[in-house]
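Two complexes follow with subunit A in common, the first pairing it with subunit B and the second with subunit C.
Moving on to the complex of A and B:
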């Protein structure tokens, strides 16, 4: 009743002020969505253009600048599948999965140790790791090739995966250490009181709360490794085409005589599907604050 | 149940020039079933002491004994202790039941059924049975703290360690939980060490309190003993709300003079008290307002804080301000000149350098056993 009385006695001027502020709110909302739409269009356009290219004939690549092809065809898809893209994707998947698992396996306990233990040289080691990250892989690709050849690890998916693991550990370590730092040390203490040793604390208590961080590391490295070209080309170049990764396979469509844009576009579209699937599978960890309720916020 | 002893416990962090002594030569004995509260300001070493007892921090020197056995080198789970943390520290991915069960799973050979049975009976004791299937994020602060208590109780430990378990709760819930923890400790009769910086918590809950400052034990005793007979100036000022008034005075003949005060040397102190400087201490609730120029000191009212049942009156006496706790609502006005009466038997005297009490109350007034919260001097 009180509510209705309030409504009834609201002066007209107040009502008009309220509706005025509501209009402003609607306007702000509309403006926000407009900015979102423009940003989305900006980033989506190249993707749509690649899809559009993949559905054309080679002759129609330059002839028409409209987004929707006038005479769509799946010829490019047939060509890239016949060229062995599925084999390249399988190779890429093996290298990527092994790399991502390796990176997580190494960086998770390392990040835990850097986050939780205070040992001599800790800061120096962390800075050294960061320093290594600042060196571009291009700069060290030749010495790396030399080392890998000496070890007999060139022309090998395992060798390439090992290289990716080594190169991606520094950034992943820093990223994951940041996540561990956000988890209260009270959880470690409680686990120790409950009878856990350090490894059990990591395994049973901290692994789940740090899962969003591991998901970020996994997605970041999956995308990076999946599309990496320079290292793959250097290490696997002398091997046969059957051993190629996806990025190397796509490069085959850039021949000396012509660049086959529709085939490159079709291969790119097919190649991006696993990344999207992987992201969708793990993205829930981004939004789930697993430490919610662990300790007083 | 167990007896806990700390013998010359020392804990230092860091090394070389950056070494910090967190706990210094701490000796304490907590008897079987006793509720001992470690109290002191932030950084006084109370939580470090608790962590040493728990086995979460190594001991630099000295020894910790539980039931006579030295446990310095034992891992936390081997010490038969359980701990409750300020921040609850519940595992976020586990339900309340799993949180309570986890310690049993890791440290005992109990079957799943036996573990579940223990969890359920503990949950019943704490009235949290309906929360067992919920995860921490869907529990309120009070519920989380109950689950954290349950996690400790279910282990059936010899010693309970509680590290400021109520600090994150709001005032009304804190008061309720205070009573519940006391009741629980009485029922379970488990030796308990409870850390807090809140002197009200310490006074109302403890069988005995140990007051720490700068890593050193200042006094250990029953709450009212520490309140009425503080061994030094720190304890005198730390225990009691508002804090004890302290004024620098000098003995001249049979008078104590200074800070606007002119006061006879208390009879109980006159014999042993040499000439020289002292710090006079008197509790705000021990003194009363009188007509100007009739008490020990006269001054002007600076601020009045009416609290309903009582008021805090701050009186400017020249070099310093004296706080007076008066009964009832506001009775004086700002700027009004008032006298302050110092009852002779309530006066404490401290050495100005060491802070050690040189004259304090002779005895503790009769305490009603059922009323541990009574603080009227």
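Moving on to the complex of A and C:
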């Protein structure tokens, strides 16, 4: 229970008679541990189970409930890799990296402008950007397909990256603008007196303090783009299998390629492991960005 | 540079020098970069092409009989909407979306708040486990939605491969038709959705809890408030702004759910789990009825915006914005 912390009582007290408030405290501690255990079980078990399934022989999938397979094999991984999953992963990586770089290149100057300039229509424009953040891309997927086809951007990784940049700008812009707002304008003034124009001010003075914000935008968009399915499926769908992204390929595996659950499980594991490792390594920044950017209470 | 120029302006020589210096590259750059448009142009262009124009387009297309199969289109005005609201399929889609979204919002907010409180408590008390719990829950959230759908499909298989049915079988119970029974399928989709979405509300609530000043709790304690009273009268009111943001965002995500359901049930059995986004996509890309699909998208958008507007009134955030 938040706020029930009794700072004056320590849990390792060895007094023979426990006071009422201490007993209550132990009870809350125990309940909290129970919540942790249940949460860990609920949120980890499905992933562990799929990993377990991916390591089994086809005969062993029907049998035991134990998580550690009795006769582990990498056959499923071999099948999945032969089907070209590494190529899909490479496509995903290319699209993701290009998108993330593009998002940063486009939103950093815009966030700077919203934070440092005062111009007519600034507030309206900001609110419009916020409004687009409220709209799910799925709502506009039909016209987007027409636009992409007209521009000749379907069936192309570059086209998909451009689309991701367009869709991710509102969120990233708001987050970065928030970061710029936290940097004192005294820095700008000092740079101005030293003869910097605005471009030089951003490049040599503001870029360093805003870097944590850029990192958060990069991490966040990396995860979002890596996982994205609907747009990739729609825009790359008509292309050959070799052009697919990871999510698309794994979906294809389920619907068309695979007949065996071990293979589907192996494909899912290959799709999940890199992004989880990426996330666990960087989750501190990720959480900070999410909580700083989205809640301006 | 700018200051120099204004000082020199007073003399004739300065005026001449100004015309010269204005033509230098450095000065031109200086003038360009002091206009906000220079900085905003790329972002504005991207938003115009990939968000603003498609938004107009989806409204416009919803008034036409556009189709992927035939060239050209003509305006049928509200005919698509009339057809939509008269169709059995759309009504069922609406009610599935309502049930799915309402359950998801309640479940994800409640679980998220519970976990956030447990993690915040653990951190304040110095218990072991808050960080691990946080990372585990968040991991579920960053897994691609399409893979979450597949993972749960594997979990819920109606043979011995499905671990849940395998377990139930060993307890001597019958197979549960998690995905083939219409009602069970809806529940399965809601639970898989909560597995994915709870992390988001958890982390937002946790951020909100961290911001509640300790003095407030101490003051409430001095006033004789017990833990529950403190939660009710200190924590919850302090969480109101966060609650507002989280509720809006979770509502938007739930109403627009697509990939997880697409992989887990594909809207089946029958249309038992066909939410609006799924129906819209299939109408557009499988049946090629772009006009009708666009009308569906517009209805989805209007529902989302209406509910958001209702939240603004219910939460009464006017004094906080």
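In this text, the second predicted complex is superposed on the first by the 208 of 297 C-alpha atoms of A that agree within 3 Å, B and C clash if a C-alpha of one lies under 4 Å from a C-alpha of the other, contacts with A are read in each partner's own complex, and residues count from 1 in each chain.
Here is the rule we use: a contact is a pair of C-beta atoms (placed from the backbone, for glycine too) under 8 Å apart; a residue touches a chain by one contact, two chains touch by 3 or more.
Here the structure is a predicted model, which means the values were calculated and not measured.
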In the superposition, subunit B vs subunit C on subunit A residues touched: C
Touching partner for A:261 - first (subunit B), second (subunit C), both, neither: second
Contacts of A:51 with subunit B and subunit C, given as first, second, both or neither: neither
Partner chain in contact with A:195 - subunit B first, subunit C second, else both or neither: both
Touching partner for A:153 - first (subunit B), second (subunit C), both, neither: neither
Touched partner set for A:209, first subunit B, second subunit C, both or neither: first
Contacts on subunit A seen with subunit B and repeated with subunit C across the two complexes: 195, 290-291, 294-295
Footprint of subunit C on subunit A - complex, ascending: 1-5, 11, 24, 28-29, 32-33, 35-36, 39-40, 42-44, 46-47, 49-50, 53, 61-63, 65, 105-107, 109-110, 112-114, 117, 119, 122, 125, 129, 132, 134-136, 138-147, 162-163, 165-167, 169-170, 173, 195, 197-199, 223, 226-230, 234, 246-247, 250-251, 254, 261, 264-265, 268, 271-272, 275-276, 279-280, 283, 286-287, 290-291, 294-295, 297
Touch list for subunit C against partner subunit A, complex: 1, 26, 29-30, 33-34, 36, 38-40, 42-44, 46-47, 49-55, 57-58, 61, 114-115, 117-118, 120-122, 124-125, 127, 129-130, 132-140, 142-147, 150-155, 157, 159-161, 163, 166-167, 170, 195, 199, 203-204, 206-212, 216-217, 220, 227-228, 230-231, 234-235, 241-242, 245, 248-249, 252-253, 255-256, 258-259, 262-263, 277, 280-281, 284-285, 290, 293-294, 297, 300-301, 304-305, 308, 320
Touching residues (chain side subunit B, partner subunit A) in the complex: 51, 54-56, 75-77, 81-83, 85-93, 102-103, 106-107, 135-139, 141, 144, 151, 168
For the subunit A and subunit B complex, residues of the former touching the latter: 184, 186-187, 189-196, 200, 204-205, 208-209, 290-296
